[in-house]
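Next come two complexes, and both contain subunit A; in the first it sits with subunit B, in the second with subunit C.
Moving on, here comes the complex of A and B:
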């Protein structure tokens, strides 16, 4: 006898409790749930419960579960739109049941033995994706169902609508903050950090003096220099770039110095027996050996740079820029616009990080952590 | 005396060099405004006096280090601690929300890490999001959190602490997952031969093994909490705290005040990181780390 998964059992209980407490919602406006929709949701969820515990044909069961649970969830969430705040307990019970079944589905998918490499990659992708999608579904269902005030937390769909409707503004902000301030500051800051690290490597005295200072400065709230930079370089993007330069400089310096010490004694001795000079050793041995450290700094800096530029804009900007938009729209209580801007920041940050990570894979193809994967 | 020759001398030389560069830069950056002032007052000081003037402006573009030190000393030790001008008071405001956020963030991070290590589904579904969330400029939501909480009547410590929590739980969760997985197969097998239960293996092997990872990431987390607390103070309309002091300074061009607030923030940061380091050493020694 297989032991019953607790998610399925609990989902069954919730399903039955939800059925006992129908209807799903008080009709706030024109379109409440129809009897057909309610019955369909109940039936789909009950069927999912039985499929999830039956264990027949794992792959087919998972596909059925996937379809049934999501159709039920989208019927629930879709039906509540227009009836904000009208949801009754049974709505939340059924939503919770669907969520538990989705969790069960994730457990089933994780347990599947993927045959080919492609299937394994798909499996590795679908589990976190489902998790993320369910956060959005629960967010949508709870904010709309319980009628959470719009200024507190807007549902994801209205954020998406706002996002789609204000593409030009979001685009202008993106250009101002990312393509001007962040990119300029990032290149200058990382470049300067790198060059100073090479200098420090040439002059041991400099290294001994700079490294402790760099380590201490890395822990300081450097972001605080933002108002000073705004005062020095004016309201436009150069002041933001300056903040980014200072924020990215020290991680780059510390990591590059650590990386330059990473090559082994044997290899360095080998270079000596080849009679190679400092620069040859640097370019052919020590910099490649330092690459993982340098890319680590570049990755850390990609996030720091965005944060620096956005926060610096809180201290004064021309009337464009992501930080400016966030602070003014918060003041006007347009919280959906703020979330749209945060979505842009998140996408930009992830792409920035992703590009650095891809370059890293291409450059350090020889490194065990890349080769082994 | 190795550490003296290897560390103290180079560091002090570099610090001295930075100070010299700073004073020189202060002359050049403050010179235009000073020339303007002198022209208006119809005075033509000689070079030495002029340099002295650039180091003694009331609202300099770049204050000289001694001006900052003087302001810092005055606002730290000479002003009453309860005064709004006192840096001790403002640092305390920031420190309290930092500590509250850091404590809850660390706790949350540890709980998430324990969940991830013991529940495979959580590992697969949560871990990618935790890593992805590190690429997102989370700090951008700070003003929204503060304003939204203010809209429903919650102000003061909680929203700021919430931002600090948010910033500090990622590093702790990631570091702790690494730490809890750090015992090698041999040690786990040994626990198995002792017939240790999962709980025993957790407390007697995994937890002690994870301590160095935990405290390393806690150092990162405490610095992040402080940044979160400072940024969270920006949109509150400059009530109190280091961030508020910075904002007020930037409104009224009180550059010296801004710099001394920065110094205060740095002192707090160094103290926090050092405290975490000391506690970490102590805990590791108690748990059997070899010195």
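Moving on, here comes the complex of A and C:
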């Protein structure tokens, strides 16, 4: 036997303790676990413990572990549905054992030597995926097993069902908040910040007078102006876009000004020896050198814009929009709908950020942080 | 190969040009002074410099740190303004000369733009000066060949060694065919072996192109090996203590550095440097 991993040993202890304290759950309304299901879970987990410590064929072992642990986990979590709050200690011990074995599985996968490029990519993808899936499994098992009140934290499956059943509403909210308010506000805010940064660079008066004020304003909690924007621009999306403009303007301004100062003295002297004019130096040297700073602002702003637009909708909006939905559904105790909106916001925000980051990689490929050294 | 053959024949041209044009002055400084205003009070970077650089000469400026050799080069390039005295470059003020693109400047570091390939770095000055696409391609080809970098057009600077980067920066300074080349310790950051190699390549290039070169260094062997004229400077305030006319022949293999003649010039340079220091410390 190779060295005993602590996850495996602890999982074995938990399995045995869980077996000693059967049954898994009391019947609340539906049929609790059958003897066959209980035995299957115990056997799968014990077999997984054995495989994980035996060190037989690493790849085959990992595949077996993957199947056994997840079948056991889904049997546990699936069986508890309908018996919310009925789980006994044994259920949680076995769930914890399955989680430890999944942890062990992730360690094993990380340690595998991937041969091909595709296998390496798969390996890089599967580890965080397993990690995320297990957060959901534990969330599901604990909320259902312990009978956590629905308004406090609904289980992920309920949220998923609600999500799937509300696609038209979620889609309309997404269009209203992201494709109208966020996109318009982001483009105008970042564009204005960029242009004003160039003007401030060109005109010393603006640089001296405006940047200190810009720094003060950027420190203000800008979301507080949302009600004023609603007064100015009405209830529909333009008022939300205005909040996004104000939120994204200053990060872009400050970062672009810093970026324009980032090119070295030597490079600027070089352009001077060519008798290069202001615009040539700007476009051929200073803007490319500023690109990492500008993309930094674009990334910061991609998340700021989403936050701004959603929160701005709390202050008055037509009956559509992600912020509107969150604030009204929470009042109606439809917490699963709130979570569904949060999931939409998370997905939209990640895609937005990811697209900006991909463009950044393509544009600033030459920067040491991108090319790696 | 044929490169060395070309260099040998071009050497004759270089020699001819140098003797023929010994009367023409490219850079002429009279009573030139420069005082920097710093937070610690004024600093005399240059004091009362009188100097002429003739056409086709290879002039080295040597001296310890702070002697103003780089500052003098920057005054020629109109990157610094003198506070007293006069200086002319090609008979013009430095500013006019800069606006006429009269010189190419090579800095201590290569200073290539990392977002541009070698090709686009070398053609950067040509883009700024408005050369046509065809002209740029032709000059790129010619200058990369001069510095032995043909075949590296599509590489990015960070994919090349330090020596190759510095050669690319020389190509960039040569691309627009200015007659005057100002070089500020271009090989200072490179190791001895690469430096030797680039020094002999530089001599070869100088002979082929018959340019006037002003070269700042603080290496005595480098100055003696490369120059037709060595300007020894001393610090605080920066001034010229000695101007040594080299007696070495135009054709200089690397092992010329072991000849008595070479060592004698090196000795005189060292004496000049020491003299500059004696009433300082």
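Methods note: the second predicted complex is superposed on the first by the 354 of 373 C-alpha atoms of A that agree within 3 Å, B and C clash if a C-alpha of one lies under 4 Å from a C-alpha of the other, contacts with A are read in each partner's own complex, and residues count from 1 in each chain.
In this text, a residue touches a chain if its C-beta (ideal position, glycine included) is under 8 Å from a C-beta of that chain, and two chains touch if they have at least 3 such contacts.
Bear in mind the structure is a predicted one, so any value in this text is a computation, not a measurement.
With both complexes brought onto subunit A, simultaneous placement of subunit B and subunit C is permitted, the two fitting side by side without a clash. When both complexes are overlaid on chain A, the residue A:276 reaches subunit C alone and has no touch with subunit B. When subunit B and subunit C are set side by side, the one touching more residues of subunit A is B. Of the two partner chains placed by the overlay, only subunit C lies in contact with A:367; subunit B stays clear of it. By the touch criterion defined above, A:179 lies against neither subunit B nor subunit C after alignment on the C-alpha atoms of chain A. By the touch criterion defined above, A:264 lies against subunit C but remains apart from subunit B after alignment on the C-alpha atoms of chain A. When the two complexes are overlaid on their common chain A, residue A:284 makes contact with subunit C while staying clear of subunit B.
In the superposed model, A:6 lies in contact with neither subunit B nor subunit C.
For the combined model, the angle formed at the CA centre of subunit A by lines to the CA centres of subunit B and subunit C equals 80 degrees after rounding to the nearest 10.
The gap separating subunit B from subunit C in the superposed three-chain model is 10 Å, by closest C-alpha atoms.
The interface of subunit A with subunit B does not overlap its interface with subunit C at any residue. Chain contact summary for the complex, subunit A toward subunit C: residues 264, 266-267, 269-276, 280, 284-285, 288, 291, 364-367, 371.
Contact residues of subunit A toward subunit B in the complex are 103, 106-107, 110, 124, 127-128, 130-132, 149, 151-153, 205-206, 208-210, 212-213, 216, 218-221, 223-225, 227-228, 230-232, 302-303, 306-307, 310-311, 314-316, 322-323, 326-327, 330-331, 333, 335, 338, 341-342, 345-346, 349-350, 352-354.
On subunit C, the positions that touch subunit A within their shared complex are 77-79, 98-101, 103-105, 107-109, 111, 113-115, 124-125, 127-129, 156, 158, 176. Those residues of subunit B lying in contact with subunit A across their complex are 6-7, 10-11, 13-15, 29, 61-62, 120-121, 124-129, 132, 134-141, 143-144, 147-148, 151-152, 219, 223, 226-227, 230-231, 234-235, 242-243, 246-247, 249-250, 253, 255, 258-259, 261-262, 265-266, 269-270, 273.
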